[in-house]
């Protein structure tokens, strides 16, 4: 029987998916909190007074036409881009604007890129190994040994993302969809508190999409997930809360139905879609 | 008696003979009479002590040919035929047989083995005096140009034998510059020889003159035993120094600019092949070298007219280098698409080959490239500040080349296509741009520009197999400092690096200055990891 | 599978070691030629290699040495100093040459020196150098500072009345040492500190603008000024060009160069340089039949009417003939025999005199001052009345003042300290003593 | 343990096997075979091979940073030379009063440029242990400072390559200056003995040769150890997708710095062993062209396969030795041609050829290391 049936029965919980005690303080409110964020690239305002809050364990979809600033927003959260003004908080303790990518990553924010980027020269197994939550300083990394438990954990994820057969093949030979999966797998290995998933189903077949949908929904609750996606069908299939970005700021927020009935949204976005 | 017998009579024969003799005598006599023969002989035989006298004698003889003789003497062209003892003028003194002429009649005596000739000795000291003497002769010329040069040459060469004639000359009306010069040179003489009154006047004349001889004289006066003059001279010098300061600043800037323009020229071709195409072309230096050798070749083809040759070698150099570049692109680089570092290695091999090729085919020795008249010497702003012409041309040339490239890149179809291909190769292809053709043209263009740089450099430095090596590293520094793929960056980087170097050099010394510049580049790249003008957009993302 | 490859690699290493044992027939006298044919020094050294090959050819035409033919063994140290040592070793150990003619730069000599001494070879070094060296196995046929620099300075001082001195050089040992010697010498003659300007530039320095203008400034202080140039090879062209363009005529500020010969001039447009000076022990323009014959032979050999000769070529000419004489005298090519035999051997030089090998392994040379002519030649304007013997240890350097070299039987010492009377004894302390 | 791991993998075993076999063979042939016997290996050859091995170690060091970290260093000659100078200074002090001027303290070049006392940075080099530490420390420190500056500010790709070139170029100019007190252009030479052994005896040469062999072995194992460790995979990750690696929580700059420094130290050791064998160290070792040549060896042997670097270094230098002897006037053609042909027709170098023969399930992960569609430098 496939992994996904297991996944779908809710009482079954993979221990490696269970968030371990993390320094993130979510006792009072949201896990991610963006306020009045502004970014402009020589003149062009990519993000414009963006306000966004993600609650702990929430699954949030973010949609918006091209150039709405979706990817830029992710760059800001993960520390790749520094905003001109505004504040970005992870939990109520960590000001992300003061940290660099590795720190943010080790805090428990995982990111999947729009264009799937895996280490093509390394095998699928090694890709997951690198992603695995561990002490990532130089010396420990140099002296690290592959313990049996790690191997099992990796194999479990391999199982889940359905790349078991390709375990020892270089990731370079994977198909586009497989790469997407591998990257999601790497996210899982990181055991993040917050997953930022950028267009996870681009270039996937219908059934691959289904799997992905199931996986993401299963994650929600234990981890907070932010999905940026174009594919309305997919969004509809997973979305509880949807945020519509337009020209770098929030245009509308609510359930899929609320949003899709919002005249503003229809004008700028769905109008074009429909 | 019959006619025939009369004809045969000996008396007539005798008569004819005498006539012949007479004729012979008439023809021969002027040779004997020519005084020049003796004068030149004296000059040739003169011991170091007597030389001056011999020269004087030639000048006083008032012989119209005197000037030519002294010229020939000054230029090492007077020699003595070991066998006949005749003094001859050497017209052509290369190879084993030299062409000589008779200085008296000026007619060509044909070739003679070098071994048969014994040069009439001359050295700098004498040459110095000679210049004074010739200048004195020229001062009376009615060609103002000649006069001016003569006056210039007079500076610091005035001695009591010429001072009076000079003063007489001053009574005539002369063109302004000539007069000033003569007055100054007389003043210098007065300052050294004259009485204290004359000294003071002299100092007043020299005050404000930026000419080095004037300064020299004043310095001596300061050191001299006449306190009054010394004090006055000091003041004069102070005022002069102030004027000099500005000139020196201007000079340094000019030096910086010219060094900078050389760097720009050397680097701009690389900015295209490397910056735009991403090909790390280690053979770039050798392409420059080819351009320089083309100039040399041209001058060999057109002996006697270096100027024309130089101008012709601008297109020629471009073509040669461009073709070589295209050859490299076709044979090597096109196989290395998307492997920029491999291009570094392969082209490194190519550069080795090209260097050795030049060594074996042409020669390991440097080749001499003559600088045309209109490029040698310098443009005199004032006595203290003069801008060397060859470098001024190079600066201009660099700017023209740069402007040209800018036009091609911004305004022409090629430029558009090049930018398209560099932005996104696949996309450009799909839009019907023939990427390979663009590559060939781009690389050809970059290489051609390198050739142009070579043509310019041939006027400044060695034309030899190592020419390229000396510039390749600097070129890379300039391109990277300016920001890969940005022509403006290259221009700015080249000029600023050159200027910085020249500003540092006077107090740091050339070696340290160069080191400092390198360190500066390293530190700068820390601050701005993508150079002065970073490339924008996805193309720059790694 | 890959093991085979590895083994192949190992074998190739073995093969390489084997290849070094192709021993040539004992019969011919093997002459090693150690001059760079590629790299930066090829400019100067290639001609010397050709010279040697020509001389050997001539000698063989004359029936070799006592019937034994000579055979040239040419290698290319590629202007790479460690490679010089390696190639010297190859020549002596593998090729078993009887004598080596080679090197140009001091550094290459320094790197070869230990090899030649260890393997007891013979090296003839043809280039003017900084002195401060006398090896039992090296014969210095080029000029020592006292055979070039000092007479040149004397000439400038006495004939041209120079009072103010610019010592400009490339920053390496030869100019450094030469300038140090000259500085001491000038000061001993009572030249003031302020009247000496010393300037060093890196190799191949190509931008002389500011330095030349400094020289100009320095020269406008009222005293007759001259530049003593130890600028090396490639840097000269741009230097002289700059001089010409900034309008420094030889009659204002003459430049006397120690490293600019006919070969360097061949690469320069000499028009603007007429009257600038060079000090050598030989000029192509020297008026002697020996010289004319040599030039004719050279032109013949190169098949190029424009081919030029220069001082180091003469040095090789002398050195080669000395070696030939020494071998004849010793009746063998055995190194030690030749070493003893060669001291005192006198052979004609190309300037119409004789060169004798001194006990300190330097030779006697006339010193000539030449002026650059518009045809790329020098015209001799002055020469020493008699030949000067090369001085291994300069009298103007504190460290070496008390040192002499004498390789004859009793002393057999390259650095004998006359003060302490010991060989290689501590002149260092002497230096320290003089320093403070 | 990361250092012992390589010893279990076949390729390393084979490599060490061949290396030690070759060294042993040469040693035996040198000692046992009589002079002039066809199989005798002369001291000249021994030293020559010793030199090759030094270059091989240097090449391995370069391959470590270029092949596995994607940092094309055009300045590794600088680290090599620094190690060499450290050793050279020690050897210089060992000359003692046997120099031409017989000064007990000052090297000859200092005496005749009359320096009156030893500059501070020459202190301590009379002690072997100090000198040997400096062999590691000097290059290591330079790499540390330089690397820290460069990697911290994320200088990458060709920019990094060019400033490494600037680094070595600047150092070359600096060491040419006689005021620096390193003998200027003449460098350091005329060495007598090392830790008590006379450098001019064949025995010492053999010793140095063997020592070099061992150093190469150790260096190779260290590098293998790194590249087969998780850190090795991380560095490959940095090479291929630096940003991604950051998002996984690795501090890329520290990884780069660590590997860079290790590589620099290896280069230093290579230099230190090189100097006593060739008998001279001079600024030309700093010349950028030499550094480029090293890279060419690596590329020729096969990037990102350490043994490839060794093959490349030995092959090119052997070719050099042969050509400069056999065809002095034309050897540059041969060498240049070699570079061109190999880069065009053997993109993966000689090692690439070897791998083709291997079967796919070769247990060596780094074999795939050379598979890299878009590596960072492609952004040049």
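As written, the chains take the letters A, B, C and D, and residue 1 is the first residue of each chain.
The criterion applied here is as follows: a contact is a pair of C-beta atoms (placed from the backbone, for glycine too) under 8 Å apart; a residue touches a chain by one contact, two chains touch by 3 or more.
Because the structure is predicted, anything quoted here is derived from the model rather than measured.
The most distant chain from chain A, with centres taken as the mean of CA atoms, is C. By number of C-beta pairs in contact, B-C leads over the other of B-C and B-D. Distance between chain B and chain C, defined via averaged C-alpha coordinates, is recorded as 30 Å.
Our note on geometry: chain A versus chain D, Cα centroid distance of 45 Å, whole angstroms. With centres taken as mean Cα positions, chain D sits 34 Å from chain C. Chain contacts: chain C has residues 37-38, 171, 200, 202 touching two or more partner chains. Counting only residues that touch two or more partner chains, chain B has 355-356, 469, 511, 514. Each of residues 173, 176-177, 329, 332 in chain D touches at least two other chains.
Pairwise chain contacts in this structure: A-D, B-C, B-D, C-D. Within the complex formed with chain A, the chain D residues making contact are 1-2, 226, 229-231, 233-234, 236-237, 239-241, 243-252, 254-255, 258, 361, 365, 368-373. Put simply, chain D touches chain C in their complex at residues 11, 14-15, 17-18, 21-22, 25-26, 29, 36, 38-45, 47-49, 51, 97-106, 109, 111-114, 116, 173, 176-178, 184-187, 189-191, 200, 278-280, 282, 284, 311, 314, 318, 321-322, 324-325, 328-329, 331-332, 354, 357-358. In the complex of the two chains, the chain B residues touching chain D come out as 274, 278, 280, 282, 332, 335-336, 338-342, 344-346, 348-353, 355-357, 360, 469, 473, 476-477, 480, 484, 511-512, 514-515, 518-519, 521-523, 525-527, 529-531, 539-542. Touching chain D in their complex are the following residues of chain C: 1-3, 5-7, 9-10, 12-14, 16-21, 23, 37-38, 74-78, 80-83, 85-87, 89-90, 93-94, 105-107, 110-111, 113-115, 118, 132-133, 171-173, 176-177, 180, 200, 202-203, 397-400, 403, 414-415, 417, 424-429, 431-432, 434-436.
Residue ranges on chain C touching chain B, taken from their complex, read 37-38, 40, 42-43, 46-47, 159-161, 171, 199-202, 204-207, 209-211, 213-214, 216, 219-223, 234, 237-238, 241-242, 244-247, 250-251, 254, 263-264, 266-272, 274-275, 277, 287, 289, 292, 295-296, 299, 305-306, 371, 373-377, 379, 381-382.
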